[in-house]
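Two complexes are shown next, each including chain A; its partner changes from chain B in the first to chain C in the second.
Here is the complex of A and B:
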């Protein structure tokens, strides 16, 4: 009976009902789309920084990171580390890198550099340096090491393909230096990295520095979600080395993501608040317009509980129609923007400084759909409490008089 | 047997500066099967008295008994259920549920009472016939004339088989022909089925049909006349 009257009441004022349905749908779409944007940028960031660069976890000699990537702190026993990593089936891939920090000098300028000695064949499993090359290439050096330089550094130092760079560093045990030739430029989403990092073949670096050092292992696990537990196990197996997760290595990124989560929560609260006001306003109008009728219902014997249930039923119907409409809107827009991306190139400079891509491809976790549906339903029901309270306060004798 | 009995019933409305005795010490007995009109000018307290007898309003002082039950002992929620089981209401402006058909409007109170589908259907058809609106059960209120809506309202008031029916100015919004038809129906129901009616009115057409006329002036009964 409540359902029957409630259903008919919903369609009594179609325009108003459509407003509530669209409020729910748009609120839901806004929540999901913003969440998708946030999650998409998180996944991209993770992909750029973690999957393409840091790996899920890294192993260094103790003090290497604290000493700001000092060349003089290599891993003591790389063979043992390799053996442990090879035996661990949870590891999908790993690479060995050597790192040489120092000063790069061209004919005209000088700049701080962090030279990464990498094995390009190994790196393909972890990073995508080759995909970031915008000019030239990184062939293996013949006489002098080939350098892959960030475009930002190249612009700062006015470097061209073929330019020579003298790189000096390793001051603890006497200065080491080598001369490399620029063979290519890369451009990553992270401008800070582009100004600092230079890539060179590890074999070339070993040849020049004659140390055969390994400073860094970058690891990718089969399952990203098991990262913490697998890293903890590696820490136990390699007590003499420093095993760190990407989050420990770059806490500013992890913190940034936490801040983004807080921003996301605030935005969601604003969306739900706006939705709530829309529902309260519309349902209150609906209740006030029917004051006389609701008074009559009480007079002839309909309990307050049943009348309030009817009001809640009406909101539930509107919400249940609004939710699939919102889902449809979200799916359509996610299909489109998930494919073409959201172009933020207007703010490219600012975004790149923080290491973000200027095109964001929104993505939504399936659990987020359920979370938002749940939130919309809760917000709708809570928003009905105020109009329902007005009903509870009605006195039939006064309500009937308002005809 | 008395269906309604009031003793020294009072209702005082107060605001910051004014105190109005809308009903001032009314003692009244309505016996089963009566067809009684409460008359008086506007503001004389007719509607207030009926509201208290119908359990819609709480007296400031005095007692109201319906079927021997003292209404002031009930809470607001208990009163709603009491009204459902014992009192039928006919309002001046019909007050039908606009989204329901005439059939559903009559059926509504029986749904609230939890009656079976079969019982509801039989009773609604019987009442539609009693108010002369067979075949109009599928119409919504907006598709019926004022007189027809008020007849549906009477049928709805009867649907719960109440102890008596309160009708507040039932003909006030009706033309002469519709008013006469409605009064014919109510009179017939009263005479043939012994249903007790209590009206508030200042419509002479209703007063002429009443078998008892109680005159209220400034909240006080000034005349109580039984017409043979």
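Here is the complex of A and C:
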């Protein structure tokens, strides 16, 4: 019976109901879309940093990172590390790298460099260096080492394809050096890296420096979400090496993301607050307008409890209609923007001028949909409490007299 | 007459006016709150990166920004520094520095470092290093050195340790210094904390053969949030090989971070406006449906639709202005409260951040521009919505309206 009256009430004032429905739908869309925007940029940042550079976790010798990637601190027993990694089924892929830091000099200039000895075939499984090449090709094992140099460094040092580069380094046990030829340029989203890192095939580096050093293992797990626990497990298995997650290697980015997460929940709170204001406002109007009528219902014997549940039923119906509309709006806009992306350079042209990745592709985790639906329902029910309290305060005799 | 009538109408139906004012007021508060939060976070991020050491602006050789080497130096005398702050009242503090690269050894440890030669009192007025000391004291004379705390750890150096610095001096000279550690300082930036040490200016200028020269003069302003603008205005005062550069020109990655965040900010606030505008529009629609009968009566006793439309418009504008003022007055103390008692993250994650030199605090910005802007935007939005009733009244049929 209550449901029937409530249902009829909802359709009595169509304009008002439409406003509540649309508020719920738009609030939900905004919450979801913003969440998708944040998640999308998060995933992209991770992709840039984790997949293109670091991997999910890395293994070094104990003091290697503290000593600023010093060549003289290689992993002591690479065979053992390899055996452990091969046995671990949670690992999707890993690569071995050697790192040589030193001074590069060309015909014109000098610059500090970090030479990464990589196995190009192995590297494909984990990072996407090859996709960042703008000119030339990946280093291959040849007689004279071929180098892949950052575009920014090439501009600073006036390097061309075929230029010679002498790299000197190795501080503790005497100076070591080798000569390489530039075979290609790459451009990554990280400008600082482009100025510093040079790639060379690992076998070339080994041949020139006469050591078979391994300085770094970069690991990709099958499941990104379990990387913390998986890394902890590796730490136990390899107590003599330093096992770190990408977050420990780049704390400033991890912390930045944590802060962004908190800000995100505050923003969601603000959105829900704005939504609840709209609902309170409309439902309060609807109750106050019907003072007369509600008084009459009470006078003929309807209990306050029943009237309050009628009001709640009305809000529930409106929310139940608003939620699918909001979902539809979200899916349509995600379909479009997930494909085309949101171009941030609309807001500030400087972004694209710097050649920065300015397009963000929003993405929504399916669990986030449920979270938002749940929150919208809670918010709209809580918002109804305030108008319902007004009903409880009504005194039938006075209410009927009001017109 | 219309103004008087509109003013009275506003206060006739107290309930509706109250709800509408609340709506507009909350819109201003929410929009201000969101902006203040995001701008505040940005400010502390900038402060974290440039405030601790680099400075909000720097006067240096025009080539130094792209190629920070010791040979790109500018001349400096005490008179030049005095003249600088006399001429530019916006500058709060300045510190001339010699920044040299080299390596430092202590016992059998050996590290690549940067040596910063400073006038202790000028440097302290800029970066307040003496407040960041974890051990010992700040520089008092030549022969002394203050180490970044991570550098001291890496070198296993402590107070009274003797360290040797070798580096590349001006024009191919080689620099050799023997120094006694008198203090250890914790720099907010992890990278700088790992490799920076400070020595007295005379020690550095002798050691690096830089008599009368410095690598640059770091500056901070009375209002650092205006640094970019102030520097733009000062550019023309520097000629020849000298230039002035603001933090966004010196630190490109940080600038990009700020720009991207700003753009995301625009999108987020845009969404909030969208939701708010729905609420505002809702109150207007409600008002129209509630007062249909009243409008019908007014029209049938001879009030022209133009006058009626204008009357209702005026009412809404009054409410928009009132609501905005109230919102402004509510937002002001609220945001100031969260500026002085900021939201602080707790737990293990926060401790990790502190270890990384990151303050886990969300401090709101109290830049007055934010308050004015957000209030102005909401006011504009509400006035825009006030135009809608004019259209609606024009299409109204007085007979039907009266009977509703």
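The definition used in the following text is that the second predicted complex is superposed on the first by the 385 of 403 C-alpha atoms of A that agree within 3 Å, B and C clash if a C-alpha of one lies under 4 Å from a C-alpha of the other, contacts with A are read in each partner's own complex, and residues count from 1 in each chain.
The rule is short, and it goes like this: a contact is a pair of C-beta atoms (placed from the backbone, for glycine too) under 8 Å apart; a residue touches a chain by one contact, two chains touch by 3 or more.
All figures in this text were calculated on a predicted structure; none of them were measured in a lab.
J.: If we overlay the two complexes on their shared chain A, which of chain B and chain C does A:27 touch? Say first, second, both or neither.
T.: The answer is second: A:27 touches chain C but not chain B.
J.: Under the stated touch criterion, which partner chain does A:365 make contact with: chain B (first), chain C (second), both, or neither?
T.: Touch status of A:365: no partner.
J.: Between chain B and chain C, which makes contact with more of the residues in chain A?
T.: C
J.: Considering only touches as defined above, state whether A:14 meets chain B (first), chain C (second), both or neither.
T.: It touches nothing on chain B or chain C.
J.: Could you tell me if A:303 is touching chain B, chain C, both of them or neither one (first, second, both, neither)?
T.: first
J.: For A:1, is the partner it touches chain B (first), chain C (second), both, or none of the two (neither)?
T.: First partner only, chain B.
J.: Counting only touches as set out at the top, which of chain B and chain C does A:160 meet: first, second, both, neither?
T.: It touches nothing on chain B or chain C.
J.: Please work out whether A:293 is in contact with chain B alone, chain C alone, both, or neither, and reply first, second, both or neither.
T.: In the superposed model, A:293 contacts chain B only, not chain C.
J.: Taking the two structures together, which residues of chain A meet both chain B and chain C?
T.: Chain A residues touching both partners: none found.
J.: Write out the stretch or stretches of chain B touching chain A in their complex.
T.: Per the stated touch rule, the residues are 51, 54, 56-57, 77, 80-81, 83-85, 89, 91-93, 95, 97-100, 104, 108-109, 111-113, 156-157, 160.
J.: Using the touch rule from the top, collect the residues of chain A that touch chain B in their complex.
T.: The contact residues of chain A facing chain B are 1, 4-5, 8-9, 12, 292-293, 296-304, 306, 396-397, 400, 403.
J.: What part of chain C is in contact with chain A in the complex they form?
T.: Those in contact with chain A are residues 15-16, 19, 22-23, 26-27, 30, 33-34, 37-38, 41, 45, 66-67, 110, 112, 154, 190, 252-253, 256, 259-260, 262-264, 266-268, 271-272, 274-276, 278-279, 281-283, 285-286, 289-290, 343, 345, 349, 352-353, 356, 358, 360, 362.
J.: If you look only at chain A, which of its residues touch chain C in the complex?
T.: 13, 15-16, 19, 22-23, 26-27, 30, 33-34, 37, 41, 66, 68, 156, 171-172, 191-192, 251-252, 255-256, 258-259, 262-263, 266-267, 270-271, 273-275, 277-278, 281-282, 284-285, 288-289, 342, 344-348, 350-351, 354, 356, 358
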